[in-house]
Amino acid sequence: MPTKAEIQTFLLREFPQTTVLVDEAGDGWARVRQPVGEEHLRPGGTVSGPTLMAVADVAAYVAVLAAIGIVPLAVTTNLNINFLNKPAAGRAIIGEAALLKLGKRLAVIDVRLYSEGEPAPVAQASVTYSIPPAR
Amino acid sequence: MPTKAEIQTFLLREFPQTTVLVDEAGDGWARVRQPVGEEHLRPGGTVSGPTLMAVADVAAYVAVLAAIGIVPLAVTTNLNINFLNKPAAGRAIIGEAALLKLGKRLAVIDVRLYSEGEPAPVAQASVTYSIPPAR
Amino acid sequence: MPTKAEIQTFLLREFPQTTVLVDEAGDGWARVRQPVGEEHLRPGGTVSGPTLMAVADVAAYVAVLAAIGIVPLAVTTNLNINFLNKPAAGRAIIGEAALLKLGKRLAVIDVRLYSEGEPAPVAQASVTYSIPPAR
Amino acid sequence: MPTKAEIQTFLLREFPQTTVLVDEAGDGWARVRQPVGEEHLRPGGTVSGPTLMAVADVAAYVAVLAAIGIVPLAVTTNLNINFLNKPAAGRAIIGEAALLKLGKRLAVIDVRLYSEGEPAPVAQASVTYSIPPAR
C-alpha cells in the first residue's frame, strides 16, 4: 500500500490546484488538513462551503487510495454533505475519512470535517467512489 | 425582486473568490456560467469535481436570491450531488437551478450542470438552504 | 424492452409486499401509483415518509427496468430524498421517474412524488442503481 | 427527558404501523430493533430497501425525541442512505443513531444499520429533522 508521501505526490498530480495536506493515511482511514487562507474565506470570517466540499472529496479519495493503492481512475459518483456548524476563520479544516464499504466496484466513505482544535464537526459528508474494473 | 446585476454584485461580495457569472435569474429559476480556466481542470482535461460542486452551490443560491431578495444570511444546510458524465475541458460549465420548494425556513433547489452546448448533464444536485427567520 | 405488464409482474415477484402499480413505463421514464390505505397514513391524515421512500425506490427501479430490460440483480446503492410538502391523506401517491444517466455500471434516476391531482411535488428523490456486469 | 417506554408509546401513536422496538435511547443517541418477518423480505432472502429506510428514519426520530423530548411536529426534511452490504434474512435489523447536530431549527443524525450480530453495517444514512419553533 502507498505511503503518505506517495499519496501526497499523486494527489498534487491529480489535483494540481489543491493545497490539502495528507496528515495520515492507513488501512481504511485518512486525515487531511486544509490550511485556510484568504481564498477560502467568506465575509464575516468563515470558511466557504465549496472549500469544505473540496476537502471532503479529497479526504475520501485519500482513504480510498490508502486502501486500494494509487488508482488514477477512481472517480466520485456521489457526494452528500450536511453543513453543521460555522467553521472558524483562523483555523485549518481537518478532514477525517473512514471507509464504510470497499467493494469491487464502489467504495463508500464517511467524512467528518472539523475546525482544527474544535470538538464539534463543521460538516459531515458521505462520498461514493467508483473503482475502475481493471485493478 | 433583485435584478440580475444586483445579484451578481451581491454574489461577488459574499463569495469574493467566485468567477461564476449570473446569466439569468427569474422567479424560482436561475442560470449561471462558470468560465473554465486552468485552475478548474484535472489532468486529462476534465473539470474537477470541486468546481462542479461550487457551481451547483452558487446556482442554487442565485435561484434563492432571485425568489426572496438579497438575503445575506441564507446558508446551505445540505448538498447532494450525482456526477453523471465527464465534463469537457474546453467548455464553460452551465448551472441551471429550479426551486422545488420555497418555505418559510427552508428552500430546496434542483440543479443541473452542463458542459456548454452539450445536451447531457454532467451532474445533478439538490441543495437545501436555510432561510433566516427575520426576513 | 419489457411491456408495462411484464414489469408489473416482475415487480410483484421481486417485492411481494408492494401495492405499487405501474402506470406507464417508456424509454428512460416511468410513472407509478401507490394507492393509499390505512397502512400508509400517520395520525392527522398524511402519508408516512417510509411510504414515500418506498414509492421513490420502486419508481426508479421501474424506469431502470424499462430501459435495460428485466434484470433481477440491479440493486439500489444510494437514495437521497427531500420531503417538500405534506401529502394529502385521501389521494394516491404518484411517482414520476426519469433516467439522468444510464451507464454500464450505474444508473441515476430523478424521481418526483405527487399527491394525485396536486401540482406541487410532495418529495424529490435521486436514486442510484448498480447494474450487474453480466447483462 | 422521556424514558424509553415513553418514546416507544409515542412512536406507536405516530407510526401506528411500525413494529420497530426502542432498545435504548440516551442523550443524543438511540438504538432500535426491527424484527424481520416475511413482510420485510425479498426473494432470495434479504431484507428490502424500504424496510431499511423506514428503520433509519425511525432510529433518527428516536434519537431526536430522546434529546428534545416528545415533540409531535418534528418532520424529516432530508434522508440520504447508502446501501452497503446485503442484510441477512434471518436476523433483526439494528439501527444505531447519533446526533451530529441539534440546532434550534434542524437536527442532523447519523444512522448505521446492522444485521444483528454482524460487525459490518448494511447501510449508512444521514437524516435531517426540522424542529418546530414553538418548543
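Per-chain residue numbering starts at 1, and chain names A, B, C and D are given in the order in which the chains are listed.
Methods note: contacts are C-beta pairs under 8 Å (C-beta built on N, C-alpha and C of every residue); 3 or more make two chains touch, one makes a residue touch a chain.
Computed from a predicted structure; not experimentally measured.
With centres defined by CA atoms only, which chain is the most remote from chain D?
The most remote chain is B.
Looking at chain B with chain C, do both copies bring the same residues to the contact (over half shared) or different ones?
Homomeric contact, same residues on both sides for the most part.
Suppose each chain is reduced to the average of its Cα coordinates; what separation in Å results between chain B and chain D?
33
Between chain A and chain D, what is the gap in Å from one C-alpha centre to the other?
Computed value for the inter-centroid distance: 28 Å.
Hey, how far is the Cα centre of chain C from the one of chain D, in Å?
A distance of 22 Å separates the two centres.
At which residue positions does chain B touch at least two other chains?
77-78, 80, 82, 128
What residues of chain A sit close enough to touch chain C in their complex?
Residues of chain A touching chain C: 77-78, 80, 105-106, 128, 130.
For the complex, which residues does chain C have touching chain B?
80, 82, 84-85, 100-101, 108, 110, 120-121, 124, 126, 128
Show which residues of chain D lie in contact with chain C when the two form their complex.
13-17, 39-40, 42-43, 48-50, 53-54, 57, 75-83
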